[in-house]
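A, B, C and D label the chains in the order they appear, each numbered from 1.
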Amino acid sequence: MTSRRAAGITRCMKPRPKAAAAPAPAAEAEGRIFDVDCKLSYTLLDDTHFLFIVHALDGMDQQVVTESLRITPTLEHELHTDPVFGHRTLRLNAPTGPLTLRYRARVRVMRKAPDLKAAEVPISALPPEVLADLMPTRYCESDRLASAAWKMFGDTPPGHARVQAISDWIHDHVEYRVGSTDSSTTASDVFLQRAGVCRDFAHLGVTFCRALNIPARLAVGYSRFDAPPPDFHAMFEAFLGGEWHLFDPTQLTEPLDLVRIAVGRDAADVAFATLFGPVRTRLIRPEVERVRARRARKTPARGA
Amino acid sequence: MTSRRAAGITRCMKPRPKAAAAPAPAAEAEGRIFDVDCKLSYTLLDDTHFLFIVHALDGMDQQVVTESLRITPTLEHELHTDPVFGHRTLRLNAPTGPLTLRYRARVRVMRKAPDLKAAEVPISALPPEVLADLMPTRYCESDRLASAAWKMFGDTPPGHARVQAISDWIHDHVEYRVGSTDSSTTASDVFLQRAGVCRDFAHLGVTFCRALNIPARLAVGYSRFDAPPPDFHAMFEAFLGGEWHLFDPTQLTEPLDLVRIAVGRDAADVAFATLFGPVRTRLIRPEVERVRARRARKTPARGA
Amino acid sequence: MTSRRAAGITRCMKPRPKAAAAPAPAAEAEGRIFDVDCKLSYTLLDDTHFLFIVHALDGMDQQVVTESLRITPTLEHELHTDPVFGHRTLRLNAPTGPLTLRYRARVRVMRKAPDLKAAEVPISALPPEVLADLMPTRYCESDRLASAAWKMFGDTPPGHARVQAISDWIHDHVEYRVGSTDSSTTASDVFLQRAGVCRDFAHLGVTFCRALNIPARLAVGYSRFDAPPPDFHAMFEAFLGGEWHLFDPTQLTEPLDLVRIAVGRDAADVAFATLFGPVRTRLIRPEVERVRARRARKTPARGA
Amino acid sequence: MTSRRAAGITRCMKPRPKAAAAPAPAAEAEGRIFDVDCKLSYTLLDDTHFLFIVHALDGMDQQVVTESLRITPTLEHELHTDPVFGHRTLRLNAPTGPLTLRYRARVRVMRKAPDLKAAEVPISALPPEVLADLMPTRYCESDRLASAAWKMFGDTPPGHARVQAISDWIHDHVEYRVGSTDSSTTASDVFLQRAGVCRDFAHLGVTFCRALNIPARLAVGYSRFDAPPPDFHAMFEAFLGGEWHLFDPTQLTEPLDLVRIAVGRDAADVAFATLFGPVRTRLIRPEVERVRARRARKTPARGA
C-alpha cells in the first residue's frame, strides 16, 4: 500500500514521458497538445470513501506535460498507479458536506494514425498479456453474443476492416440516446434495445471483437464534442497487427484526439468515480481543448 | 368444470365441422386429408396429474373426420375445450408406473393459400379480440425487442411482405440446432444466441410482429418432416388483412399442411404435455401422413 | 368488432349489479361505497390510438352504481367488455394536441372478508378456466423462480397461510421505492434487486404462487393511500378454496377497499393506458374516497 | 512474449517455494503433502489452439515439490506465469486427431487454519491491489445482487462470521445438481434457480461478498471428494483481516486441503481449458490424494 500524502494541490512538471512507447511517425513527432480542465462537485450526506480515475494517463501514446489537482476542502489522499496500464486512481475519505475536485492538465498526445491494413493476430500468436482481453466481462458478454457476432461479421474480411465494420454497424444500428441505459446495462441489453450512450456503444464493440477472437478493451478519456455538454468519453480498442487501435462507434469524436485516462476490460474497471456512501452529484464538467501550436508554447492557465 | 367421464378409447365419427369457418376457395373445397398417429409413453415415479394438448383442432380451418384416444392403463379423464380457440386439453391423474397415450385422427385441412397482398390492419381497426396478441408474453418479450424490430424491419413494405421478411430473416440468421435451447429460452435469448428449434423460431417471429404492432401468436400441430424423427411442430401466425396467416420460419414444412392442435399467445399456453409430478419420458412420436385422394375414401386404420 | 358510438360523456345509472356473485355475508350485505374520480391528461405530438382500462369493473365482487366519462376534446370512442373477466377497454383515436379524460364512478364493493382457512385446491381439482393462471407470463417467470419458491415456502403450511407468508415475505424483503423499476421489470428482476413499486410486488406474489401450483393473477384498481400522491394500485389474487383471494404485499392499502378495474395474467394484460404514438403525459390523478353511510345516500357530485 | 520450448515432459525438482508467504504456524510448518494426477483427453476435429490452466500454483500458501507434464503427441508448447497471481497457463497448437495431457505433481500445502476472528477491512484501508475484487464481473454481478445481499446479510456481524453466514446460506439454499448450469450461468441465475455446481456456488459467494464491500475472488484447484467422480473444484476467497480466506459453500471438501491451481476474478479468468476449435472431450480426470507422512518421504510415482 502506498504511503499517504498531504494534499491540496499536486502539481508537477514532467520533462519527458515515463513510457515513451514506439516513436511516432515524423509528422506526428511532436504530437498534439490538449488542455484538460475537469471539475467535479458533490454534496456528501455522510463520510464517504471515493475512488476517482480522472488523471490523464502518462504513458502509452501520450505524455502529461503539467498537471494540477485541487481538492476542496483540503484532504489527505492517495494516488495509485496501475502496475499494468499505468492509469492512476485517486483515493480519499471525505467528510459530510461539499466536495469539489478540480483536475487540470496539459497533455501531449502522440498517437499514430491507424494502420488500416493491420491484420488480426492468430490466437496462437497473441502475446499472453492480451489473452484476458478475449474473455467475457460484466458488461461485455462475448460468450452470449458469439453466434450473432459470427453470423454478422464472420464473412467480413478480417483485420482492421472487420473491426471498422463492427464500429460502423454499431453507429448505424444503435441510437445514441441519453438516459436510455444505466450502470447495469450490458452489451447484450444494448444489442437488444438498440440504444445507449458512449460506454454502451464501446461495450458492444468490445463484445463483438472478443467473440471473434480479437482482443478488445475499453478506453476512457477526455474528448471534445461539438455539441455540449462536456462529458467523459468511452471508446473501444482492438488488438490488430500487434498494436491497440482505437475505434469510436459513436462517431462523435476523432480517436486521434482522445486524451486517455485509462484502459480496462470494461467500465467496471475504469469508472471515473466510485463512491462508497450517500452522495448527491452537483457537477460533472470534464472539458478539453486542443492547443494550437502558438498557444502551446505558453504555460497553460491554472485554476484560481 | 366439465363432468368426468370413464374412458379408455374415445371414438366418434364427425359428419361435419363444428365451426365451418369461411368457405374455402373452390379448388380447396374438399381440403387435404391427413392421418395423425401420436404415441406418447412415460414412466411415472409417483402419482401425477397431466395436461395433454394433443387433439387435432376441430374448427378454424380444419375438421376432424374421425379420432380415437387410447390411454393405457385405462383411466378416467376429462377433455376441456378452450372457449376461445377451441383446442382441447386432456386432463388425467395417473398412478405410479407406465402410462401410454395414443391419439389417432383423420383430419381434413381446408386452409386457403395465403393472400400475399394481405395488408396490415391499422391499430385502430384491429378487432378487440386480437389486441392481446400485441402484448408481450413469457417467451415473446416484444417490448425488449421493439427497437431492434423497428430498425430491422421498419422500412420493409408493410403487410404480408413484411412478415415474410421477418420469417426469412429468422431462417437465414438463426441456426436450427436441437438441444440449443430449453423450456426457459425466450425470443431475446434466441435473438442473441442465433440458434434454436421450431418453437424458438416461432417465438422470435411472434415477437418481431408484435413489436411492429402486428398481432401474432403461436400455432402448434402435426407436420411431416422429410427427415426423421417426427416431432410436434410450432409456427407463428400473423394477423393480416383481417385473417390469421401461418408462417414457418424453419422452412422445414409447408404451412398449408399443418394439422393444427392449438393456438396460443406463446408456448406457455399450448405445451403438448404439462406434468405435475416426477416422470421419465420414454417415447414422443407424433406422426402424420397426407392421405391421397384414392386412399382417403377408405376408412382409416385404427390402432390395435 | 363492436360498433362505434359517438361519445363525449357516457353516463348511465345502474340499478343492480350484472353479475351479483355469491351473496356477501350479512354484515357486508350492502357493501362499501366508493367514489372514484380519475383524471388523465396528455399532450399528443401526433395522431395517436389509445387503449384505456380505467372503468371500474362492474361484476365479480362489486357493482357500478353510476359512472360518467368525459373526453376532451369530444371524440368518438369504443368500449369493449372483456368476455371472460368483464373489464372494459376504452379505445379511441385522438388528434395531435391536448387530450383529457375524466372518469367518475360510484361503486359498491361487496367483497367478503378473506377466509383465512381457505385451502389450496389440488391441481387435479382446479377448474379448467384457472389453469392458465398457473403458467409463466412476461412479468411473472414462475418457471425461473420455481426452485427458489419451493425452497422458501415449500415447508410453509399450505393454503391461505402460505400465500400470506409469501405476501409478508415480499413486504419484509422488498423495498417500496418509486423509480426503481420500469415497464420491462419482471418478478425475477424484483427478486434480485429487492426494490419496486406496487405492480412489482404483485408480480412477485403471482410468480411465487404459480411456482407452487397455486393459480394467481394480477388485480388492478383504485385504492386510497394515506400518503399522496394518488395512483393506480396493483395487488395479486390467489385461487384458494375455490375462490380468488386478494393480497396486498405493499401493505399500503386494505384489499377489502380495492375498487377493481381489471384482473389479468400480469401487467401486460391490464395497463391502464396503452398508447400507440408519441405522447407527453401531463397528469395521472386517480382518486378514490370511501363514502360514509349518510353521504352515500346522496347523489355523487359530477364533474363540470 | 515468452520463448517457445520443445516439450513432452517437463519435470523439475523444486527445493523450496519461490514465494514463501508468511511463515505458517508451527503446527503446520511442514504443511500437508498432496499428489495430483490429472489426465485430460480430447479428439480434435481440426487444428486447435488450447489454453490449459492445470498446473498447481507454486506460490502463495503452497509449494510445488515435483511436477511432470506429458503431452501426447509430443508438441511444442509455452508456459506463461501470471505476473500478479503466479498461476501458469499452458498454450499449445494441436493438430487434428487425439490429444492427451497428463499433469502430475507433488505439492506441499502450507495453509493456515482460518482466523475466525478476522475483521472486515474498511474500504479506505483496502490495499489498492484488491480494489478490483470489489467490482462486478461476467459471472458475479454484484451490482445486481447488492440489495439482496444487504437485506440478507447486512445485519450479520461483520467479519469472518458474515462470510461464513454467506457460505452457509448458499449451502443450505442452493442445490448441488450436476447439469443444472452451463458456461453462461451467472450468480444471479444461480440465486434465482437455486441449483448449480461448485463454480456456481463459489460465484454466488463472491458476488454477495463484493456487494457487501468485501473483496472476493474465485479459487480453483484440486480437491478430493468422498464420492466420485474426480473433478476440478472451485471455492471462493474473501479478503478479511488483511488476508485471503477460503470458503467452500458446497461443503464437499475441506478448504485446508485445496491444492490451488489459480485465483481469478471469476471463472472467465481461470477456466482449466479454453479451446479455439472443434473438439470432442473424451476424459477429464483430475485426481488428488493426500500423502501420509510415511509415504510422503518416498518419491512420487510418475506416469508411464
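The criterion applied here is as follows: contacts are C-beta pairs under 8 Å (C-beta built on N, C-alpha and C of every residue); 3 or more make two chains touch, one makes a residue touch a chain.
Here the structure is a predicted model, which means the values were calculated and not measured.
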Set of chains whose contacts include both chain D and chain A: none
Interface residue overlap between copies chain A and chain B, same or different (over half shared): same
Chain at maximum distance from chain D, centres defined as averaged CA atoms: C
Rounded Å distance between chain B and chain C, as computed from the means of their C-alpha atoms: 32
Chain centre separation in whole Å, for chain D relative to chain B (CA means): 48
Rounded Å distance between chain A and chain B, as computed from the means of their C-alpha atoms: 51
Shared-contact residues (touching 2 or more other chains) in chain B: 144
Contact footprint of chain B on chain C as seen in their complex: 1-2, 49, 51, 78, 80, 89, 91, 93, 122-124, 127-128, 131-132, 135-138, 140-141, 143-144, 183-184, 213, 268-269, 276
Of chain A, residues touching chain B in the complex: 144-145, 147-148, 151, 173, 175, 188, 191-195
